[in-house]
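Each of the two complexes below includes chain A, the first together with chain B, the second together with chain C.
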Partner chain A sequence: MTQNAAFAVETVPALRRSQFRINGYFFFLAPGVLLVLALTLFPALYGIYISLTNLNLGYAGSSFVGPENYLRFFTWPDLSLVARNTAVFVGTVVILQVCFGLAIAILLNQKLIGQQLLRSITILPWVLPSVVVGLVFAQIFGGSRLGIANYLLSLVGIHQMSWFAEPALAMAILIAVSTWRGVPFAVIILLGGLQTLPRDVYEAAAIDGATAWQRFLFITLPMLRPIILISIIMATAGSLNSLDIPLALTGGGPGNATEIISISLYKQSFFQLDISYGATIGTMMLVANIILITLYITTLRTGRGAGND
Partner chain B sequence: MTDLAVASRRRRSGRPLEPNRLAYIFYPVLAVAVLAPLGWALFGGFKSPGELFTYPPTIWPRTPTLQNFIDLFTRLQFGRYIWNTLVVAFWTIVCTLFFGGLAGYALSRWEFRYKDVLLVGLLALQLIPSTVNVVPYYMIMNQLGLLNTLTALVMIYTATHIPITVWVLKGFFDTVPRSLDEAAAIDGCSKWRTYWSIIVPVSLPGLSVAGFLVFVSAWSEFLVPLVVASNKDVAVASVGLFTFFGPDTGTAFTSLFAATLVTVIPVIVVYFFAQRFLVSGLTAFAEK
Partner chain C sequence: MLLRKVAALAAALLVAGSTSAWAVDITVLVPAVYSPSSGYAPGADLHKQLYDQFQSANPDIKINYELLDPGPQGLQKLLTAASSNTLPDVAVVDGQWVARLVQAGVLQPLDQYWPAADQKDFHPAVLAAETVNGKPYAIMFQTGMRGLLYRPSALKAAGLSEFPKTYDAFVAAAAKIKDQGMIAELVPAKATDEPSTMHMLSIFWGLGGKLVDDQGKPVFAEDDNATDLAKVYQMYHDLVADGVMRQDVTTMDETAIRPFFYSGEAFAVGQSSSGIRQMWADVPDLQNDLAVAPYPMPDGKQPVTILGGFAYGLTAKDPEKAKAAWKFIEFMDSPENMGKLNETLGQIPVRNSIWANNQFFATNPLMKTYKAMYDGQMQTRPAVPIYTTVSSAISSQLAGVISGQLTPDQAVKAAGDAAMAEYQRQTNR
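For the complex of A and B:
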């Protein structure tokens, strides 16, 4: 009833119409927004609540225990290992993704024959389900003798390696595969940015005799700064939160040599069934994500503000 | 005078900014880096389990066989996983476009306080990763009695994809002239009817872009279904793949490759069909 009134025709008297304006958009907006709040913001808050209990899927019932899980987290024997793994993983992946992403974006920005086709190919990994990527690369590196990767290395005289048994190698593969999957996204963002750069600046520089390298260093980099920052933030968030590829590729192994924070969260919650501890790790990750999201939004705002000047 | 002008014009449109032909060197490098692993998986799907592990390895299958695919759909019942994925993707697209479209229309046509805050807020909420939320999702769906149902997946996917849909569709609705709304209002259409019978039909391109984005994303979703719906009856393709072929299982890798192919084909078809829209939609989202 009220809904019908709210959507009533525009021919209603002026007074009613102004009321319609207040109510009208609300009915368009509310269902979607409520759904988003209910299943993104509420779970995040609920996760914080769970982290303050001793909920364990292995036992019935739970009670409020306050910050106990957080004390456990900070005295956790594996914390330093997991923190180091996460830092190495995220740091390397971000650097590789953004550097490759920028180089490839510049390559694809050249108006050369076949550029369109190469662009399609480059972006392809971005649409592939990441589990598929993880599993396929797990087979490619395979065991000691079985993987195609070992065969290719043996062609250049490098003897065979058991990739997933060696902690450093396993981490290197995890980083390489995550980069492979993540570079296209950086390329998309950076290429979009490159295409907005004004051509006449480059022409002026070229006329003044600037070399291609100088143009990159003194025009592209400074003008692209906000976009590069965005791609750094996105790559950081993407690798920090990534769980699909690590789970499918190494599962945190060998031992816990590639156990990054997201893997810990999964293992604690669904292997150890210590779901409140998992929620605690989740809350710590949420804090990191809030920082990243804030950075992202401020970068967008300042970037846009500078663009409008 | 004129000579000088001609010379400078020629110079301006000429050499220094010509694309560097050395770039061609990197073309094959890039193409191989992306396509070689995929090709290995593609051809692997047609090999017999024995051939995959021959040494030295073959690239092109020596005796191509469809046995892996037959196996996949009969013994491993992969068809059911694909079907589940399709059902979830379909309903996610429908619900996302419904709710996201209405919200996008409201944000495009009405002015109200805190509109910017709402738009940015949606963006921020979209960025809360599912890794952080899986534990609460598990508990919420457990309490709602929706664990191991496709409904739970549709609910979660819809909520997490509404923000990007709102952004894409608001952007599209902004380009639809307001005079259409005004004309409809003069003819006595309510906003509701205006939206459904005027705006939606002319916005089909925008709706398809959003639909494609949601499809690609929903199709690949892994962590949420792994935690919330891992039961064999409701598993989606990504979960099926993982539980068959994950680190601790002994299923033949040839079947993995066949399953990979089946899982990836719908996404690749959509990708090549709608690539330009997907990329521009995503770029717009990343830069707003």
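For the complex of A and C:
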């Protein structure tokens, strides 16, 4: 029976087998590919199409207007302010998330008492819905005596503060809360990476007399580099597209001092009902995401090349 | 015996099947707060009870409800449903959307269903708010009124016999209030937040200002309207500069202001009547110590109350479904049921009979003050597409004016320029 089967396989022409393999792969891959395309590529392309029209929910119908919305975007008086706010927010959040994430991941990678419990506690901020996080911190930093932060200050004799009245303080709180929410995700990725690093390299370095700091600097960091870059990419996309926490916490205020690009998109699309201009801002965010990710990947490749040299 | 049982079961199934075939299924799109899924338990219970009551009285009609976002996403959902031919049969809509929904063919006229005698039970401004081209398209069942909430006990403690009626009197009284260690007033002034504009509009309209002309063109930054708006901005600036109001109102919405009132830090707070029940629930003492006053106005003027609320609209086009849907609307909007809903949710009624006959609205001192405001001048926000831009443009300048970075005149010009740029773009469509 086995001999017959082997004979049958051998008698199938090589070309037919190869075709079957391709068709077979295609057959199994197609549903997944189509689903991903339908859920990611189509909305992105449709968004670009909408950005070339004048669709506004306040008015009936829409027509093609070409690059008009893009011209409007680049001549938008608040563009420089919003771009600066976004750069400060994204840049700081990414650096803090990855640095704190790495520090905590290294700590959790040690043999500690209650390691599992510590890991579970670390993940808690990520489990909470982000809009809830925004609302809870808005309560904590409420300007009245009933705000938790003000209450704590009053216990040590410090006068209550208007936390969101000062643009710099409002932005600092926004960054701190977004970092707090995002660190666990960086920890998960980096801890996973740390656990894959070979122990023998560390043992050899220890035998050679390398200090803990040297082992971190010359072994952990270079070997973890691809994982760190993935973490940076995820943190960048997450913070650039983040809406719920900024909206619930400051709403872009005071004035528009903490308005980041995602809030502008929301306001245009859902308050002004200007869907096409919202789609234009969304398309520009997509472009920014692509540029940043390409930049990171290029840096990663360059780094690898330099390492190989 | 077994055969008989099977035959009986088959007959029962047949009857049940035919009953469901005769029943008319009605889909209602409704914001959660006006449905059995409300997060406010008494509201949820009452809606459930009313839905059940309607079902019992109308076994041939089956009500299915789906939730609708009360904000712009809800409007978007209805417009999308219209374009994809998946409209519900009844929709509970923001009165502000009515003109746009009529334009998109979402709402059906109610003139053939709604008896004229019943229409007379509503305030004329309420009817006007839901009428397009002479036909009513929705039935408003509540409204929110904005004014200054205060505690009569705090008024007494400050040595005041009554709430100041004029702007100058209020500023003078603020000194006494400050002596009590309180902030005299907090009014939401967050940028691009609709309630911020709504609080301003009571004063702006009271001064005689106009937002748009009859063609829907923004005129708030022109001639006398510009002067009136600049005066409102100046009032906000002066209140902060004189220490009557905190500068960080530019970061606050109505919800963020409430803790200042609860803790006794603020004497008077700008709030919507729709939040009264919540405030009573948050601080039960307020049930016996809460009053409302219209905005103190300069130049002997009176503020104009903003009228606006949610309304039942008929969206079914099929005659049979439309008939069943109207039955449901008529039931929910009957004086008795509307009164129960208004009372339970603590929202201002729009039927004269509810004001007269409902014990709560007829006797509660706070509600009696709202009634006096209701009987005064009322105005709806203009039902034109440019309104959202106008509202956003006006509230966006508050932070600059209050901080002193912009003069009131500069703020009016900036708001006018922003609104006109969008208006030009939209008229060139």
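Convention: the second predicted complex is superposed on the first by the 245 of 309 C-alpha atoms of A that agree within 3 Å, B and C clash if a C-alpha of one lies under 4 Å from a C-alpha of the other, contacts with A are read in each partner's own complex, and residues count from 1 in each chain.
In this section, a contact is a pair of C-beta atoms (placed from the backbone, for glycine too) under 8 Å apart; a residue touches a chain by one contact, two chains touch by 3 or more.
What you see is a predicted model; the values in this text were computed from it and never measured.
After overlaying the two complexes on the shared chain, residue contacts for A:F270 are found with chain B and with chain C alike. In the superposed model, A:F74 lies in contact with neither chain B nor chain C.
Within the superposed three-chain model, A:F218 lies out of touch with both chain B and chain C [touch as defined at top]. Of the two partner chains placed by the overlay, only chain C lies in contact with A:S162; chain B stays clear of it. By the touch criterion stated above, A:F64 is placed in contact with neither chain B nor chain C. Contacts of A:A138 after superposition on the shared chain: both chain B and chain C are touched. Ranked by how many residues of chain A each touches, chain B and chain C are led by B. When the shared chain is aligned, chain C comes close enough to touch A:G255, but chain B does not. By the document's definition of touching, of the two partners only chain C reaches A:N56; chain B does not. In the overlay built on the shared chain, the residue A:A170 is in contact with chain C alone; chain B does not reach it.
Across the two superposed structures, the residue set of chain A contacted by chain B and also by chain C is 138, 145-146, 250-251, 253, 270, 275. By the touch criterion stated above, chain A contacts chain B in their complex at residues 7-11, 20-21, 24-25, 28-29, 31-33, 35-44, 46-47, 50, 55, 104, 107, 110-112, 114, 118, 120-125, 127-132, 135-140, 145-146, 148, 151, 180, 188-189, 191-193, 199, 202-203, 206-207, 212, 227, 230, 234, 237, 241-244, 247-248, 250-251, 253, 262, 265-266, 269-270, 275, 278-279, 282-283, 285-286, 289, 292-293, 296-297, 300.
Within the complex, the chain A residues that touch chain C are 54, 56-60, 63, 138, 142-147, 162, 164-165, 170, 250-257, 267, 270-275. Put simply, chain B touches chain A in their complex at residues 11-12, 16-17, 19-21, 23-24, 26-27, 30-31, 33-35, 37-38, 40-41, 44, 53, 55-57, 99-100, 102-103, 105-107, 109-110, 112, 118, 120, 122-140, 155-156, 158-160, 162-163, 166, 185-186, 188-193, 195, 216, 219-220, 222-223, 227, 237-238, 241-242, 245-247, 253, 256-257, 260, 263-264, 267-268, 270-272, 275, 278-279, 282-283, 286-288. For chain C in complex with chain A, the residues that touch the partner chain are 71-73, 75-76, 79, 100, 103-104, 190-194, 246-248, 250-253, 256, 259-260, 262-263, 265, 385-386, 388-389, 392, 396, 399-400, 403, 422, 425-426, 429.
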